[in-house]
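Each of the next two complexes has chain A plus one other chain: chain B in the first, chain C in the second.
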Partner chain A sequence: MDLALFGELIINGALVGLMYALAALGIVLVYRTSGLANLAQGAIAMLGGYLGWITIAWLGLHPILGALVAMVVMFAIGLGIERTTLRPLIGQPVIMIIMVTIGLEILMRGLVPGLLGSGVKRLDLGISDAPLFLGDMLINRTYLVSAGIALIIILATLALFNSRIGIMLRAVSDDQTASWSVGIRVEWAIAFAWGLAAVTGTAAGILWGGSQGVDWTLSLLLIKALAIAILGGLDSIVGVVVAGLIVGVAEAIASGLFDPLVGGGTRDIVACVIILATLLVKPEGLFGREHIERV
Partner chain B sequence: MFYRQAGIRYTSYPAERQLWPLGIERVLMGLILALALIAPALLSPLLLSSYLLPWVIWSIAALGLNLLMGGAGQIHLGYAAVMAIGAYSATHAARAGLPFELSLLVAGLASAVIGVIFGAAALRIRGLYLAIATLAMQYIVDFAIGHIPAISGGTQATVATPTPRILGIPVEGPVGGYYIALVVCIVVTLFMLNLRRTSFGRALAAIREKDYAAEILGISAFRYKLMAFWTSSFIGGVAGAILVFCYYRSVSPEQFHLETSVQLVAMVIVGGLGSVLGTFLGAALILLAPLALSALVASLASSGLPIGSDLRAHLPLVLYGALIVGFLIAEPLGLAKLYDNARKYLLVWPFRHARS
Partner chain C sequence: MGDISTAAAGSPPILSVNNIEVVYDNVFLAVKGVSLDVAEGGVVALLGANGAGKSTTLKAISGLLKPERGAVTRGDIAFRGESLLGLDPPDRVRLGLVHVLEGRRVFEHLTPRENLIAATSMHRDRRGVKDLIDRTFTWFPRLAERAKAKAGYLSGGEQQMLAIGRALMTEPKLLMLDEPSLGLSPLLVDEIFDILRKVNAEAGVAVLLVEQNAAAALDFVDQAYLVDNGRVVMGGAAATVKANPDVQAAYLGGGHQVDYAAVKHYRQRRRWLS
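Our next item is the complex of A and B:
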């Protein structure tokens, strides 16, 4: 394979990886704050994509304004999800929480395309389709802009974690009872994390929908987001960026190298292989805290 | 009322440990068994082959999953992949000329071996990590089956299953398939009912409650978790083989996608974790509810309500999701708990303030 094609795969893969990382951020935020699994992130991203389609394509708002409106709405939906389904299950075994988020994922995956139509919807974010050339390499402009936006959002989240609210969230993630006793409203912090997760999911859904179109397949971001969250370590925001780049590049290279050999579809399997490999070799991930209980 | 405890006195340990201590429950079980045996004579072929037969088969699979989720407390989101391994290995074994009985065994063993390999990778971690690892297993097995022509017969291919032969006698038609499934179902049910009375079942329960504590009591958590994965995958493999031999009569990758795994998990959750009766009820509800709901929606749509075809196509997913979320929030122990409540009420009826 010639070098230009290889470089093209790597760069575009890295850009796509940053978009995946945005979806993974929601899983990490929730896990970091509450220690809860968020397996509904794929459907949240899908719902966000649909909301973006409603505000931008349907209501005709400017893409940035429309995305912001969708994010605000999704923040409220995130709070609502926490309040109605997660809070009643406080104190239940972890298997119940995993199951309820999967239930939510399935519910939304059925309800949203069912109500809004399951055909692929075009979402025009106002980014021109004209390719960029870097030497011989062809770079997808949509991916470049989206990855930039994704990186900004991730960095903003990182900054948020160093602010007053972020310190509160970190305290809650360290020890809920201790945070409670110093006057931090733990329920509020966890709800805020869910709202934030919904916002980042929405951003991922809109950006990904802008390049792929909006339909239920947006919820397949879940498996890639999970791979990134696991590889980066479930509680590290820096890990999300690095792991996002790794997963994106690995996917691009694998589909470039192996797709002609096995007849397509390797892209989807890379995330799964990365999950299993991480769990076998270094279950706490690249940047995660080593607190996994091995039995 | 009919659930009378009065006059039941145990004079020996076996009597005290029997599966159904109440007379009414033994009578009920006998009735159900008799009804199941003469069902082909009572029901029309359509009812038998499109409702009863899938119910029996999916109950087998859900029982296997319940062993893992309810018995050992390990989550498995790739159970359809386990069934797929069983279905494909049984089909290929039978097509290669192996007798049907041995093919079932091959199916169970193949599923158990591959299930344990994935399980061993995942079993040192738990909770969320295990859930994600089994989800990855689902995708990887899907991919492997779809992309290896030797297994699937090429992409988008369907492999027909040979007619099952019991002791060399071909068993044809839905009635024969029903009896095969029923026999396997009875065996698995008895196994699950007796499991909690064995040291294996008690070890699993100890691990489910707290694996540290179990380890301190001298139960090797790793070993017993592997055994749970092995047993559960074996049952799953046999269920997958029965499913394709007796119900679908052909095997293709679409039969075992993630949706099927989700459906199985929904059966276990809705029915009740760790309950055998609940598993049957859950399987019935998950299989029948979408049919009933789409019939309802169809009648509503024909009476003029604007219900789009998109919504109708997605109704089963909505229903599974709503059932899982609703049951987990409102009644985490599922339908089995509802039955248990009714039973407890009837035990002391009409003195409802008495404690049973």
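Our next item is the complex of A and C:
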């Protein structure tokens, strides 16, 4: 394989990885605040993608405005999910919460395409598709713009987590009872994290839908998001970016090298291999929160 | 039993607990009849043996019974004349009372400064928060020195100071402390009580202190209550309580301290049982 082609694979893979990272962010946000596994993030991204299609393609709003409207609506939906399905489960075993978020994922995956039609919907975000060359390498312009937006949203979230509100969210993830005892409204903090997760998931769904079209397969982002969240360490925002780049590039290289040999499909295996490998070799992930042991 | 009301005559108490009963899991009666008053700016101790119901009483006052499936089933708790029952802990904190939990419970992955900031959700004004942080670091200079380390790596004494400093960020009128001396050297215990005295004098914060270490506590407070088996059995001026022969025998051990090995053993057992 020639060098330019290899460079192309890596760069486009990294850009895709940043979009995946945006989807993974929602898992990390919820885990960081409440310690819960948000396995509904794929369906949330899909629902966000559909909402973006409604506001942009259907209602004809400008893509930026349409995306913002979809994000606001999904923030409310995120709050609603926490309020109606997770808060009643406080104090229940972890397995219950995992089952419920998976149940939500499956429900939305079936319900939404059922209501809005299951064909692939075209979502035009107004990004020019004129070719973009970097030396000899052909860069996907849609990926480049989308990755840029994803990175901005991730950095904004990072800044939020270092602000006063972010400190309170992190306090909640450390010790809910102690947070309550010093006046933090723990239920609000957790609901807010779900709202934010829904917002970032929506951004991911719209960006990904802009390049792949909108249909139920957007929810498969869950697998990539999970791989990234686990590899990155579940509660690290920096970890999400690094792991996103790793997963994106690994997928691109795997499919570039092996697809011609085995006839395709390697791309989707990569995320699963990364999940397994991380759990076996370094279960706390690359940037997992250190476990503080003191006597 | 005698007269167990200790509020200074005249001024109404800031906290008034009136014959409460607390039940865990709908079945276990942990507190059977506790009444106590804390005067405005007063310093009061709640003493008693392991399992007497001291922590439970504090949790009933702060509202932190809920996560442990406990509930006040009888009696009333009034803070500055307003009933607290039915309010969540964050609302009670906003009224001006705060509870420093047993075992310190600092936010381990946050720095001391972040720990303090985390306790400011009730304050709107940014400058005010900065002043409060400065005030806390003046009271606890040791924390200022370690402001950038993760709180989980602080020493036990530093963590206890951080837990108290964090609670003071809420600008309470009443500070409730659950065994702040636990596991600390006598020297550190003195240091912490000295700081608490300062806080009480400078900011007028009333203190309700739960202690195993009855000797240290009785030197620190004006008033004390003795809890036994879920009931208040004695109350009065610290000197009176200290002079009581039963208290001498049971809690002061003729000047010796409480046996910490036994305390620890009990704690481990309770952890397994609960």
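Quick notes
Just so we're on the same page, the second predicted complex is superposed on the first by the 289 of 295 C-alpha atoms of A that agree within 3 Å, B and C clash if a C-alpha of one lies under 4 Å from a C-alpha of the other, contacts with A are read in each partner's own complex, and residues count from 1 in each chain.
Quick note on the criterion: contacts are C-beta pairs under 8 Å (C-beta built on N, C-alpha and C of every residue); 3 or more make two chains touch, one makes a residue touch a chain.
Since this is a predicted model, take the numbers as computed values, not measurements.
After superposition on the shared chain, chain A has more residues touched by B, the comparison being chain B against chain C.
By the touch criterion stated above, A:P88 is placed in contact with chain B alone, chain C being left untouched. Once the two complexes are overlaid on the shared chain, A:L111 sits against chain B while remaining clear of chain C. In the superposition on chain A, A:I149 makes contact with neither chain B nor chain C.
When both complexes are overlaid on chain A, the residue A:V273 reaches chain B alone and has no touch with chain C.
Applying the stated contact rule after C-alpha superposition, one finds that A:L245 touches neither chain B nor chain C. On chain A, the surface patch touched by chain B in one complex and by chain C in the other comprises residues 292, 294. Across the interface of their complex, chain A is touched by residues 62, 64, 67, 88-90, 93-94, 98-101, 105-110, 114-115, 117-122, 129, 150, 152-153, 166-167, 169-170 of chain C. Residues of chain A touching chain B in their complex: 31, 37, 39, 85, 88-89, 92-96, 98-100, 102-111, 113-115, 117-118, 223, 226, 230, 234, 262-263, 265, 268-269, 271-273, 275-276, 279-280, 283, 292-295. The touching residues of chain A, counted against chain C in their complex, run 91, 164, 167-168, 170-171, 173-186, 289-290, 292, 294. Listed in rising order, the residues of chain B touching chain A in the complex are 69, 73, 75, 77, 118, 121-129, 131-133, 135-137, 139-140, 143, 146-147, 155, 211-212, 215, 221-222, 225, 262, 265-266, 269, 308, 310-325, 328-329, 332.
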